[in-house]
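Just below sit the structures, each encoded as structure tokens.
Two complexes are shown next, each including chain A; its partner changes from chain B in the first to chain C in the second.
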Partner chain A sequence: MEQDTLRKLELLNQLSLNEVQKANLLAFFADREKELDVLNAMNTDDVERMVHVMPIMTVVREDIASQPFSRDELQKGAPDTNQGYWCVPRVVE
Partner chain B sequence: MKIWTSKTETAAVKKIAADDMMLTKDMPTAAGSKMLDGYLSLLEAEALTRMKNAGYGICGKANVGEFAVDLMGETSCYGVPSADGVLKNAAAEIVQSGEAMAAVGLDVNGSIRRAAAQYGLVSVKPTYGTVSRYGTVPVACSGETVSVTAKNIADCREILDVLAGHDDKDGTSLSEAECEKIRQSAGCGETVRRVAVISEFTEGVDAKTAECLNAAKKALSENGIEVAEISEKTIAAARIAWNILMSAELCNNVSRYDGVKYGYRSADANTIDELYTNSRTEAFGDLLKTAILYGSDTLSTENYMKVYDKALRVRRLVSESFGKLFEQYDAVLMPACSRSAYSEDITASERDIAFTENLYTAPASITGLPTVTAGGVQLIGKAFSENALFEAAKLYE
Partner chain C sequence: MRYETVIGLEVHVELATQSKIFCSCHAKYGAGPNEHVCPACCGMPGMLPVVNRRVVDYGMKAGMMLNCTINRTTTFDKKSYYYPDLPCAYQTTQWFAPVAVNGLVEIETSKGKKNIRIKQIHMEEDAGKLVHDISEDTTCVDFNRTSVPLIEIVSQPDLSSAEEVEAYLERLKNLLRYAKVAECAMEHGTMRCDVNLSVRPEGSDKLGVRTEMKNMNSIDAIKRAISYEVARHIDAIENGTEVLVQETRRWDDIKGKSYAMRNKETAGDYRYFPDPNVMPVVIDDAWYQAIEASLPEFPEVKRARYIETLGLGEYDAAQLTKSIAVCECFEDAYAVCKSAKDAANWMLSEVMSILGSRKMTPDSLTLDGKTLGELITLVSAGTVGRSNGKKILAAMFDDPSLSPKEYAERNGMIVSNDTGLIEQVAKEVLAAEEKAVADYRAGKEKALAAILGKCMKQLKGNCNPQVLRELLIAEINKM
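Let's look at the complex of A and B:
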């Protein structure tokens, strides 16, 4: 993995790594890359992807409107709120 | 060493500890992460509701590693649980000390099974879909399972009986009819008559783990159960595929933590991007960051087909290998971890050990098969064969 790719991953995932973490991560990625040889040696050309481990269909619930929690309840754990809104740093200059 | 993250009074005679991956309304749920430190949920895990409705008391929350992806709990934001230079596991400590009859928790990357094996306790990771995951902190949803740890098989079985059953609130929870259909197609018998020991999983374990394995093999053989040593390379590849799938799912699941609606918020942020980035950077630990970035990479345009898609196909190969194996054998006996204890500084010398030591736990995680850990080893069986596994494990418990 290149440093540029790692930087891109950091941006995508909203993380910022220090130099030690970056070096460790590059070593980690190199190890995982090597392990891929084991999977690549397995012929999966005609093998179907297995997304669910059990033969289940996605259950769609009845479309019934409800309000299990109030806004106040939902905002109880928020770091910062004001008059029912979540507060964040100014977005528009 | 922080064992309990919260404790509460209960009048119930039979006390249960919930691990901190299970949401509770009356106690905070941190999932071992600074991101959720102090978080009070509006929901209660269905598994805990069922325990309470059946007369059991939830007496507190057991500390876990950050989002339960580590070895034993060493990445918890509350510090490394260790004593005498050895890593400890909070839920196992609680059960072993008798403070709770059992612990109910979320098995994401095998920490519950490793702890049960190292403490000489019993744990069951039931077939995927048996116990509702509603109200658990989601990490690797396609393979994680609500599991039970107890001192003996009888207690473990008793708790699983309470927890098992369909829940409308969990889309992956199976109905009794679906369970029966799968049970029949898997050809589940009531007893274990033939057990396979896969050599790929027995090489490289320490002397004490090998001793546990030999004791279990001897007890099974002495009771008329055929034990055969075989080689199975496909199942041994489960770890690599599981690391990919687990990390990809984790990456998506923890993307919700941004410091806005709940959880940790950085005090050092002047823009919205700084708020997101600084909150996540300050709150998440190194192991979690590694898993997030690895998961994100496997899902990238460049790698999706050659890594993530490949892992999904290998998952089927692993599942089919178990299927073929179960045409000849009723269960697979293997270690749950490579050693009987981990030194408290193991992650300094083996930084990625959570991604290698899951060699033993990944096969059941990636396929959703049930396992019973007892006597320091785990027994993996066909889907919904928990009763047969319990009976066999009794022989070496």
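Let's look at the complex of A and C:
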């Protein structure tokens, strides 16, 4: 991993790393990349793609609408509401 | 130098389900702010999503309509998305194993037929709505739309003009409406489109710099935006007016210009990873076959059947099959009146005329076809005159439970068999229309039509026009 990629990840994850942490992470990712190189070298042409580590599947529900929760109940813990809306710090100028 | 345009579309379509994709909240519009929310769709900690079976049904069905391969094990993934309209700070979507892949859609333009490849169709949740004009220092959030189910149809960059884009979008709408998986009304926001566009020298195999215009919701606006962007790209390439960069742009349809919004994200920016809260959806043979069996007759198959089996002309068959709602009404009417030609005539003239005058689209037609068939039967049998038939049809649009026969009886619209009354009216009109009679005798056929019209008016349309015509001619000959 390059410094630039790490900087980008730092920004995306809203992290602030010091130089020691950065060096540790770069070393960590360098090791992982070596492991990935080993995996990538394997021939997987005849191997079916695995979608999950466990042989399990999701349950599905029928398409029946219901409204068991009231807005007031859901907004009880909200720091700020207005006319039924949740309020957050303004996101546009 | 000549240039060619390369366009790929990402089309978001809201699925016509009752409830949301991962919780049982209502998926319909029209409620007050945050009335259709629960702890799951407003992102309360610890809530787990449960997949709505019908969303998978519709995702599969859409895939089959677009000739895709269905992934029999399909999975959901998290897409990082840090904005207050999605309360989890990620969108649950499909990245690694979307429900449908590798499809094909045939379009037809003035240049002929062309196949557009579909890269994939994936299921995902919609975002909520932000309102900025209620308070000066806050943004108000409505999560009613959060988790409403969408499919995103991603095309390969096979489109090369605004005309092809229009044909492609119309074809998608037509197929998805036939399958009844979505309303696909751009004006209601149930179909939205991101346009990815680049320009390159004609014949080149290297793609130019790609820009994306997001959330386009009108075909006309899309066409205008494509024209503008193509001209902007060519100007930048030829004259160096600006440096083209890969970015997301916003189209301002009023000003007729596009504006840079942000640098285009790449897949890495979204940090997709498998959603540990939703296990894989496994589509077994029984499920797959049930959806396959529920597919509708495709538009072109229906059109061919109308021509070959029902004896309709090519034009009529093509017009009818543009809308599944029109087809269903026509077929129900035909089943009752037993004349495909009459049913088609009524659909394409009278029904379309009323739809047009009421500014309704053919797909919004809710007229009961069987009742229309009863009306056509009454008119064909001469029980009700054609002009009164049109009035009854208009009343049927206002009152879907209306019985045409009862309405005609109640309003004095049943054609009279009282030949004495018809004769009396004919004689009175002929006596008053000496000039028209003379014109007819002099060979002017139109004069007879005018006399016939006056008689019909007096009889309030309740007379068989053929009977009346014969009677008028006989009376004139006696004069």
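Structure notes:
The rule is short, and it goes like this: the second predicted complex is superposed on the first by the 61 of 93 C-alpha atoms of A that agree within 3 Å, B and C clash if a C-alpha of one lies under 4 Å from a C-alpha of the other, contacts with A are read in each partner's own complex, and residues count from 1 in each chain.
What we mean here is this: contacts are C-beta pairs under 8 Å (C-beta built on N, C-alpha and C of every residue); 3 or more make two chains touch, one makes a residue touch a chain.
These numbers were taken from a predicted model, which means no experiment stands behind them.
Residue contacts after overlaying the shared chain place A:Lys76 against chain B, while chain C stays out of touching range. Of the two partner chains, chain C is the only one that A:Ser66 touches; chain B does not reach it.
Once the two structures are overlaid, the count of chain A residues touched is higher for B than for its counterpart among chain B and chain C.
Shared-chain residue A:Val51: touches chain B and chain C both. In the overlay built on the shared chain, the residue A:Asn24 is in contact with chain B alone; chain C does not reach it. In the superposed model, A:Gln3 lies in contact with neither chain B nor chain C. In the superposition on chain A, A:Pro89 contacts both chain B and chain C.
Chain A uses residues 12, 49, 51-52, 56, 58-59, 61, 69, 74-75, 80, 86, 88-89, 91 to touch chain B in one structure and chain C in the other.
Chain contact summary for the complex, chain A toward chain B: residues 1, 5-6, 9-10, 12-17, 21, 24-25, 28-29, 31-32, 35-36, 38-40, 42, 44, 47-56, 58-59, 61, 69, 73-80, 86, 88-89, 91. Contacts from chain B toward chain A in the complex involve residues 39-40, 42, 127-129, 142-143, 168, 171-172, 174, 178, 182, 234, 237, 240-241, 243, 251, 255, 258-265, 269-278, 280-281, 284, 286, 289-290, 292-294, 296-297, 300, 306-307, 309-317, 319, 351-352, 355, 366-368, 383. On the chain A side of its complex with chain C, the touching residues are 12, 49, 51-52, 56-69, 71, 74-75, 80, 82-92. Residues 17-19, 24-28, 32-39, 42, 44, 50-56, 73, 75, 80, 83-84, 96-97, 130-132, 134-143, 269, 271, 274, 278-282 of chain C are the ones that touch chain A when the two sit in their complex.
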